Structures are given as C-alpha cells and as structure tokens.
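Both complexes below contain chain A, partnered by chain B and then by chain C.
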Partner chain A sequence: MNIIVCIKQVPDPEIPPVKFQIDPEGKKVIPPDGVTPVISVFDERAVEAALKLKDKYKAKVTALTLGPDSAKAVIRHALAMGVDAGVHIQYEAAGELDSFGTAHVLMKAIEKIGDYSLVLCGRQAADWDAGQVGLLIAENLGIPVVTVAKKVDLQDDKLRVESVIQDGYHVMEVSMPALVTVSSEIGLSRLPTGIGIVKAARVKIENLSVEDIGADIPEARCTELIKLYVPVRDIQCQIIEADTVQESAEELAVRLREAKII
Partner chain B sequence: MAECKGVMICAELADKKLCAITTELLGIGRILADDLGEELSVLLMGSEVNALSQEHIACGADKVYVVDDPLLESFNSDAYTEVAANICRQVSPSIMLLGQTDMGRDLAPRLAARLGGGLAMDCIDLSIDPETKLMLQTRPVFGGNANAEMITRNARPQMATIRPKTMSALEKDDSRQGEVVAMEAGVDSSIIKARIIETVQEEIEGIKLEEAEVIVTGGRGIGSAEAFEIVRELANVLSAATGATRAACDEGMAPATIQVGQTGKIVGPNLYIAIALSGAVQHLAGCSGSKHIVAINTDPDAHIFKVSEFGIVADYKEVLPPLIEKCKALMAE
Partner chain C sequence: MEISREVFWNIEYGLLVYVGLLLPLLIGYAIYRRYSLWQLGKAEDRFEQGRIKAFITEAIGILLHKRLLGIGPLPVSPRELYAGAMHFLIFWGIVLLLVVTALVAVHDHVVKFMHGTPYLVISFLGELGGILALAGIIMAGVRRYVQRPDKLDSKLDDAVTLVLLFLLIVTGFVLEALRISATVPTPEWERWSFIGFGIASVLGMEKVSLLPWHKGVWWFHVIIFYGAAIYFCLSWSKLFHIIISPVNIFFRSLRPKGALVPIEGIEEAESFGAEGIKDFTWKQLLDLDACSNCGRCQDNCPAYLSGKPLSPKKLIQDMKISMEAAGNVHEEEPRALIGEVIPDDDIWSCTTCRACQEVCPVYVEHIDKIIEMRRNLTLTQSRMPEALEAMVGNLFSRGHPWTGAQFIRLRGDWMEGLDLNMLGEKKEIDTLFWVGCTGALADRNAEVTRSLARILKSAGVEFAVIGAEEPCCGDPSRRIGFEILFHEQVQQNIETFRKNNVKRIITACPHCFNTIKNEYPQYGGEFEVLHHTQVLADLLRNGKLKTGGGGEFKRITYHDPCYLGRHNNIYSEPRYVLDRLALPDVIEMSRFGRHARCCGGGGGRIWMEEPVGTKINRMRTDDAIETGAELVITACPFCLQMFEEGIGAKGPDNTALTALDIVEVVEKGLA
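Presenting the complex of A and B:
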C-alpha cells in the first residue's frame, strides 16, 4: 500500500508570544530570530499514523510538502522518522496561497506521484489554523474523506478510522483510496533516531516546481487576506503580594469572591 | 452561479432541538441580511424536523428550506455535503454560514469545494463592507496572536464558519412571520462512502472543559502526575473542570483528553486559573477566550501574567493549599 503524507513547515508555536511579530504592511509574520521553523504538530502526527500502518502492514510512505527552499527540512525530519521517500514542491511564495490554492497544488502533486491508497494530512496547520486543505484535496481528487482521526487501521481491505467528535468518537469504515486528517489524539510521534537521520541524509528528495505538476495557482485562489493585525489586550495584571504566600493566596480567593468571579 | 443573493445559514440540531450555534448563526445572519437588504434563509436538514421550522423563524429567519429525510437523521458528512450542495445550487445564496463545530468543520470546506465558493473558518466577527457590499471575515490566526481579515472577492457563495459563543442570538419572537419551503434530498444511501459503524460516547470524569464556567489548568511546572492531584482538588472546590497544557500531557502528568490549547480543547470559561504554566502561543490559543484569567507562577516574567487579571508570583505548592482552604470557606458562606 502506498501512503502519501502532506506536511507543512510552520513557525514554532511553542515560542513565547513576546517573540511573535507581524509585518502589517506585508500582511506577514516576521520569522522570529534564532527560532527554527518546525513541522506542524498535526502533520507530524499524520506521519506517525502512516508509520504505524507501515509497522503493521507493508507500506511505502511518501512525505509531500509545498513551500520555499527551507521547507526541505520537514521532509528530512519525516525521512528521519522513517518515511521512505520525499517530494518537495518548491514554491517561494507558498505562504501567500490561500487554502484553495494550496489544496490545488497538493492535489496536482498527489496525482503526479500517483498510485496511492491513502493520503494523510494533519487536521489543521499550526499557523493559519484553517483546517480546510485536507478536505479540499479530497474533494478535488474525488475521494472519500474522514477527519480528525485518533486511530487509523485496516480491516479486511478497508480503512477503519476512529474519528474524534465532541463527546467521544465515531468508528468509520471507508474504502480506499481515501484521505484522512489526523489529530493529536493519535498519540505522540516517534523521535527521529540516529540511524534514521543518517539514512534520511542519503535519500534524494524529489524537487518539483508548480509548473512541473501543472498547477494553475491564480485560478485556484478564492479568498484574499486584506488585513493582518495583533489584537489589543488592555489587561493590567494585579499581582497580589501580601506578607506571606499564604496571605496572598487567601487574598486572591477574597478578591475573586468580591468580584463575583467565584 | 448567475445571480447570488441572500444570506443562508446551515442549522445544526441536537436531540431534535436547535443547538445554541444555530441561534447564534441566525443572530449574525440577520444583521448581515439587514445590512444588505436581503433575505435570511435557513438550510434545515434532518429527519422529522418540520416542526422546528417555526422556531428558526422566531429566531430571525425569513425562510426555512426543510430537507426532511430519514437518511439525514444524524450528521453524515457525505450525505449532508451532497444535499447542502444541491440546495445551495438551487437557492444560490450570496453568503453561506455554518458553525465551527464537528459538523461545520467537516461540511464547510467540502461544500466550498463543490460550489466553488470562498471560505474562512472559525470567524469571530463578520460584517458587510459598506462600499463593496462584500462580507468581511475576521478570524484568529497563529494561535490567536494575530487576527486576519479576509474577503472572498469573486467566488460565490462567500462562506464562513463562526466560532461558538462569539455571536449573539436574537430574542426569540414567536410572532415573527416567515416562509417554510419543503425541499427534496434527492440522494440515497449509496452516496455515503465513509460509513459510521459505531459511535462511542466517552464518559469524562467531572465537568466538561467546553461547558465549564471555571477551569483550573496545570502546566509543566506541576512536576508529576501525583502532584497534579492538587490542581484537581482546587477544581473540585470551585466546581471547575481540570485542564492541562500540552507539555504536562506529553510528560504524562495528565491525560491528553484534558489538554487545553491549539492542539487540544479551545475553551472560553468565565474564570481560567493557570498554574505553573508560562503561556506559550499554542496554549493561549486554547484559553484566550476566557473572561477572567488568574496566573500562579514562580517566574514574574512569564507571559501568562500579561494576559491575566490577577496573579501571584510564588510556588504553586505554597499557594494552592491555603487557596483551596479559603475558597472552601468562602463557597460555604
């Protein structure tokens, strides 16, 4: 079985917010100094889901990314985790694409790779948080889709997916080829091993341009970003400082009570 | 679509009742429709749901398109997408709104793809630009550190999902008049490719995070699963839900089911007590909708203090026991 996992490089969401800056004119986020961008968390979990299937069944896993030159790093990361091949659609202006444009390019790339049973995506990216791309790719490819998976397995020749809902989960059954979006409930991702990193360095990543795969970007774009701004929070924190910690704690309880918050 | 007109919302039901999100969609939908001087309609999909039409009208709708079919008894992405796309093609709304819920998250992008519309997810504000008459869509991005304002210039419908609890419902008015239109589903069960073979309800101990009025959350600084007990103790005293940061969950101090943050639960309680957590971007994404935030942390420079109303700079181990006792005493009064 051939599995394609779509992954994205994002600014590290673990940074303290003070390092977060935007360029309102360019409607862009300024990459924080000295902070290496990372693979989007949900996408890393999607790689893990693919590798779990590979552990259990025979599977070839291909990691696919769309992004500027630097995005190669997330392919290397996935290779070091254990995927077999990597495809990088190199496009320096990828950050300016909307979900529809991105989904269009990835769909073209998936068609180019071809012969797949399963496409995995993260449920949403950790930067723009839209959660559209996976579903749009599935619609574009005309294949069934199951979202927010916490478990992906095979049952006979079909996929058996546990899909998270508010108070539990659905067990879903779907024929392949299909697309599944993966959520963090699937469990922690494996760490790249030393051998994995060495092996990953030897794999040649296939580098393609949007022209190579026949993507028509202007046609695919639907939405437009007209403004990006940091919302103003006018909160002054009242630090409670009594003579002892015990008194501070008690004072806090009293203040919350007085303000009718508790 | 030749001429697209009007605002449509996609209703969501639970136990044959309107969900809160449906009345919120009607509230914002009414404002947008009035600004445009156009009609507000509802797409009501379900089984034996005709009786609910009037309630949608009372909550602001001018017209309710009812698709009543046993196949639509509960949400199924394949069937709902197909039916919603069929109805939208017939009605041609200029704006289509859904909730940012399990259903909307799934349905909205698929519908946008089928109709060739533009879509902004998880919006916290919608309005009509007075000049262009386009819908302005505001949504938090980068874990809530920035807001993006988006438009859909040419594609139709202009679609958006709205975050629960961000829009106000209208006062219900049973004297409001409207029209009910029965529509054919026009699909059979062969449309369903991803089949739900079982639904598992998970019992969550205590109060659900999404519904809690008060949440007490512990971070990595708590130190261990054993030490986490005191966080639960404070939560119990305050009739609160217990939450944990991603770091605390990853290190096994708390189950992943109670993770608050971008990759966990997005919550909006009245009071959020943040203990031994610094306030990383991804965590604030999950809790910045809280009305009042209280922080307890040893590091006076921790970012969490910048978004908090009250704070104590001290070790939680010293703060929590007297805080718990005092809260107990105050709550008993």
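Presenting the complex of A and C:
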C-alpha cells in the first residue's frame, strides 16, 4: 500500500501572542526572529496515522509538502519519524496561495507521485485553521474523503475510518483510493528516533518545482483576504466605592443595568 | 657472635619456598583468564602518547595515597580518612615486608650484605612493616565487621582475605619469636626485632625445646602464604586489585574530564551505544575487574544518597557479573544488560555529577558506561522517560530543551534595552557572549544573563551576542544519550563561530562552557572558552571592576556546580571573586569543592521527574541552610533553579535563605 501524507510548515504555535506581529498593509503575519517554523500539529498526527498503518501492514509512506526552501525541514521531521520518502514542491510564494491554489498544486503533485491508495492530511493547518485543503484535494482527485479521523485501519480491501463527531464517532467504510483528514484524537505522534534521524539524513528529498508537476498557479485567489488584524481587547476596571455593602451592591446593579449586562 | 642470621637456619628443605618462583606463572594464568573477558569488548585506543609520563606523575600521588587521604587543598571526611589510613598502613606494611623478604633472598643467594647495621635496619624495617600491616588489617576488620558502613557489602572473600593476611603477619611474628627464644645464647641485638623479641621474652629465652615448634610454624606460615596465593589467583579475589588497579590507572582516561566520547561513524551506524556487555570497549570491561568494591563512589553519589535505585558501585559490580556471564565464567543464563541487570531507572537517575569518578581510587569511568546505555535507550530503542520525550521533541523541532518556555519568552528577549553588538555586525569583535538556552529562556536565569551583559559592558569588554538565533550548545542532547542531535548541533555551531571569526567565548553556563571547551575540539572547534567566574576574577584582579557596596549579607556560602568544579577544576576563581567583594568569608558546606553534592540538575535530570526518594536539590538546599548562611551563591543556571525550588519548597517561614548567581552578587558589590 502506498500512502501520501501532506504536511505543512507553520510558524511555531508556541510563540507568545504578544510577540505576534502583522503587517496590516501587506496582510501578512510577521513571525518573530529566531523562532524556527515547525510541522503543523495535525499534519504531524497525519504522519503518525500513516506510520501506524505502516507498523501494521506493509506500506510505503511518502511525505509531501508545498512551501519555500525552509519547508524541507518538515520533510526531514517526517523522515526522522519513520516515513520512507519525501517530496518537496518548492514554491517560495506558497504563503500567497489560498486553499484552492494549494489544493490544486498538491493534487498535481499527488498525481505526479502516482500509484497511491491513501492520502492523509491534517484536519486543518495550525496557522490559518481553514480546514479546506484536504477536502479540495479529494474533490480535485475525484476520490472519497473522510474528515476528522481518530482511527484509520484496513478492513479487507477497504478503509475503516473512525471519524470524530460531537459526542462520539462515526465508523465509515471507504473504498480506496481515498483521502482522510486526521485529528489529534489519533494519539500522540511518535518522536523522531535516533536511527530515524540518521536514516532521514541519508534519504534524498525529491525537490520539484511547480512547473515540474505541471501545476498552473491561478492568477487570482478564489478567496480574498480583506483585513488582517490582531483583535484589540480593552479591559477597564472600575471600583465601586460605597459606605456599606448594600449600597455598593445596589450601585453595581445599576451600573450593570446601564451597561445592558443585566 | 656476628650480627646476622642464617636464612633457613632450623629448616630443612627450606629451599622449597622457591617453588614460589612459579607464582608469576599462576598470576599470569589468572590474568590471562580475565584478559579473555576484557577482549569480549570492542577496540579502543588507549595507547596515546604521554600515557607513560602521566602514569609516572600519577604514581607518586597514588603511592602517597593522595586521593585516599585527601592530601591537597580539599580534604576528605573523617570516615574516608580512616579508610585511607587503613589502606595506607596495609599497603606500606606489606610493601616493607616484601622488600625485606626480597633483600633476605638477595643476601642468601647473591651478595651477603646483611651484617651489622644493615641487618639491624632491615630487621627493624621488617618489624615496622609487620606492625603497620597488622594495624591496618585490624582497622579493616573493625571497619568491616564493627562499624559496618553502608558502602561496604561484605562477602566471604572479604573475610577470607582479612583472615589470611592476619594469619600471615601473626605467624610471621610468632616465627620470629620462636627463633629468638630457641637461639642459644640470645644475642642482645635481637632487641631490634622488637615485636619478636617481646613475644620471645614471654616464651622464655634460650629454650632449645622450642625448635620443633619453630619448624612447625615455619611450614604453617609458608603454607598459608601459598594457599593464599593460589586462592587469590584462582578465585580472582579482591586482592587482585593489587595487580589490576595499577593497570587500570595506567590506562585511565586522559581526555578532558568533562568530555564524553563521540560515537564513531554515527552517520552510518545502524545501532548505537551499548545494549549488551560486549558493546563496551575493553577498557570499560577492565574497569569492572579493577573495581575493588570499596564503595567510595556510592558514598558520594547524590542519586544513591537521595534514595534512588542507582549506586555506582553496584552498577560496576552488576556489570561485572554480566561480563562473567558473557564469558561463561559461571553457568549463568545471560540476562539482558539494560532493563534486567541494570534497570532503566538506574540509568536515568545519574546526574553525571562525576562525584563517583572523582573519588574512585582506581579511576573507574562510571559516566561513560551510563551514557553508552543511555545512547542505546534513546537512539536505538527509543525508550526514555516521558518528560525527556517532550524535551527531545522540543530540541528537535525548536532547537532548545525548554518545552513550553517559548509561550512566555523568546530567545532574544533578554537583550531588551541593553544595546549590544550582534555577532557578525562588527568584524573586529572576536569575543562571543554565549548565553545558552536556560540563560535565555528561563525568566530567573535571564536576569543573570542581563546582569552579566551589564557588567561586561561596564568593564569595557568588547563582545557580541547571537541573540534570537542562538541555538543550543548540544550538552542536553549529549548527556541524555541523544548523540545524533549533538552531532548536528556542534557542527552547525562551529560553522557559525568560524564564519564570524569568533576566537573567544564567554558563557555563564558551566554546561555550555564544558561542552564548547572540552567537546567541540572533538569536531575541530578550538576556541578560547571562559566561564564567567574566570572572567569576573580577571576583571577584578586587573582593576577593571571596582568593588564597593553590597555588604548586606552576614553569612554566605558557595555551591560548586559540578560542571565547573569536578569537571573543569574551577574552584578557586569564584572564591577569589567573593573574597574581593565586601562580603563576609564564605562558610563552606559539609560537602564542598571536589566533594560538593550535586544540585540534581545535571545529566538532563533537570528535565526529568524525580518521583523516587528525596529530591536531590532539597538535600543540597538543606546543606546550605545547615551552614547558617542567608545567601547561597552559585554559578550555574541549573543550580540556581534547583536552589530556588528547594528554598520555595521549604517555605519562607522555615528558611531565610536566598539564592543568587555570583554575577548578581558582583553587580551588587560594585562601586
């Protein structure tokens, strides 16, 4: 069985919120200096899901990413965790693409890799949280999709996927090839092992350009970012002073009523 | 009568003792049997240049029992002094006896020189040797069977050894007494053999009737000697340390004390570290036979003293059993080394503080063995405590060990408002202030970092910093056995240093200091590396820093960080710095200097839980409180965190102790 896992490099979610800056004009996020971007958490879980299948059945797992030069690091990460191969579609302006553009390029890459039974994605990326790309890739490829999986397994020649819903989970049976988006309920992702890191260094990551895979970057985005801002939270504190507790309680009630809270 | 004696006198067939010349063969056979065990291990080059010279230099100290008696600037405890004196007496007593015996043989067969004064002096020395050895043996008996210190576990071999030695010496004296008693007339000068003469006076003088007794005891004495020799050789008794210890000391590590050995060919390896006993090198296996089971290491091990399952002595002894099992010495099912013979918890309990190695009289290398097993656990088996998994994950993806720290602060935050030179901006600056992950990311430690930056600036030291982009030095990865990350980190860092023409590196962290100074050269990175205590001492010495105020503390104590003290011998600089400030004298804790108790944070322990036993840092905090000091000063970011936790756990009602880094104390004490 051949599995392709799509992974994305995102700014480290551990960055303290106060350090997060944006450029409202360029509508861009400016991550602080010296903080290495990381693999998106849900994508890491998708790698874990693939490796769980690999542990149990014979499978070849390929990690696929789209991004600038630095994105190679997430492929290395996946290799160190135990995937077999890595494909990096190097595109410096990947951040400009919207979900449709990204899904198009990834679809082309998947077609180029070819011969796959399962594509795994994180349920959403830890930066924009759009949760679109997986669905759109499946749409583009014309294959079935199951979202927010907590377990992926084989049953005869089909996939058996447990998909998280509010108070429990659905069990779905899907024919292959299929695409599954993975949620954190799949379980903690394994640590890169020493031998994994050593072996990862020996694997040659396949580096392809957008042209190599025959993707046409759409001229315009399908979705447009209108405004990017850090929400301002204004907290004011008033202390009600009165002689007795009763009086202060009355005054508080009046003020709350005035503020239309009660 | 001439002052002399005939060697075999009353004894016929006395020449039979020279069967003893076969002894070397027996000893050779015993060594050969063990040698084949050491050969189970892997190759290792311990034949570097300078070894012979190092051995000779060391030999003097060893003959004088410097380590055992604590001769030098830092003394040993009374209990250790007792054991040291005991060994000194037995050692020199037996050496004297052997020398005297050898001289007697020379006299008999080569040149007759024992007449007159030489004879008297030699008999006196023999007498003295006997007394020294006997006193030592009695002290040993009292220690082992009356005082029974925890560090000694007494086996049958210990009793046999003591009894045999005791009998040998006592029969020696009795023999002498019988000879004196039975000699007619008794020469006056026999008084020089004062013990023998004393006993003879009790037996009565000029008693020819004692001649048969003399003969009997003589044979008894000789038989005990040979019996003992055969027993020692065939049972590989502890007394064999007489031969193996010097060999082990000869082959001891000549690496810098703080440096671990790299994994050779790590990029091609398929497995790492030591999974079984045969994965250690021959020298690591020789160590196991050299260990005399004295327990000094255990007595100084913070893990053992705080109730953890690890005892460095037991570790070595258990590994020895594994080695013997692997070499089919006993009919024993070989058990898995890691997990069965040495439980994982033992391997993770070590703080790599080096207290064990610093006191081991035969230079056993405990840390290397523990690290080899950690390497196997982390790299090959991916088995480590949960907290370490998080730490490794963080090191791997974020490049520093402080999981979650970034939620609060970023690496470059400490520089705010300090206006510092960034590395690479000015070509002429070749001094780098290396901050380290802890000094940059932990709030409390960042205060120390800022303090040091201010002091360096005020003293006119030109330096640059890397700031937000500064990576990890590699110490945490290496100490937990995750060598592959260290291997990557070190190469990257050396490249950065070279690219920016860095010549000199100053750091406030003894762990970074040790790694960059002692381990980077393994990768060709040779830089002048200074710990801030050295820099501060220099600045004070040459007047670049002027001391003045800051005398608010009445009693102070200083804690030696392991990686500054034991691993790098920096004991006097911090004390010099404190001496220069308007502060009261440092009151030393009960364990200080070479014997300082670890704070519990080294060897990656700071990132692990400590559920078993007492927390090491709390014990160290108690050591500090015991001195009555209000201020405990240290020079390491981990130690500072460990003390603050210890003080916090006591609560403000129970202690008034404060912990500061030496830099902060200096800053307070400047004019």
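Brief remarks on what is shown
We take it that the second predicted complex is superposed on the first by the 232 of 262 C-alpha atoms of A that agree within 3 Å, B and C clash if a C-alpha of one lies under 4 Å from a C-alpha of the other, contacts with A are read in each partner's own complex, and residues count from 1 in each chain.
Note that contacts are C-beta pairs under 8 Å (C-beta built on N, C-alpha and C of every residue); 3 or more make two chains touch, one makes a residue touch a chain.
What you see is a predicted model; the values in this text were computed from it and never measured.
When the two complexes are overlaid on their common chain A, residue A:30 makes contact with neither chain B nor chain C. Of the two partner chains placed by the overlay, only chain B lies in contact with A:132; chain C stays clear of it. By the touch criterion defined above, A:225 reaches chain B but does not reach chain C. Once the two complexes are overlaid on the shared chain, A:93 sits clear of chain B and of chain C alike.
In the superposed model, A:257 lies in contact with chain B only, and not with chain C. By the touch criterion stated above, A:15 is placed in contact with chain B and with chain C alike. Among chain B and chain C, the chain that touches a larger number of residues in chain A is B. Residues 14-16 of chain A contact both chain B in one complex and chain C in the other. The touching residues of chain A, counted against chain C in their complex, run 12, 14-16, 19, 32-36, 38-39, 77, 80, 190-195, 197-198, 201-202.
Across the interface of their complex, chain A is touched by residues 266-267, 269-272, 375, 378-380, 382, 389, 392-393, 396-399, 404, 406-412, 467-470, 482-485 of chain C. Partner chain B is touched in their complex by these residues of chain A: 11, 13-18, 20, 22, 29, 41-42, 98-100, 103, 126-132, 135-136, 138-140, 144-148, 161-162, 165-175, 178, 183-185, 187-188, 222-231, 233, 235, 237-241, 245-246, 248-250, 252-257, 259, 261-262.
If you check the complex, the residues on chain B that touch chain A are 77-78, 101-102, 105-106, 108-110, 112-114, 116-122, 136, 139-143, 145-155, 193-202, 204, 208, 210, 214, 238, 250, 256-257, 259, 262-264, 270-271, 278-282, 284-285, 292, 294-295, 300, 303, 305-315, 318-323, 326-327, 330-331.
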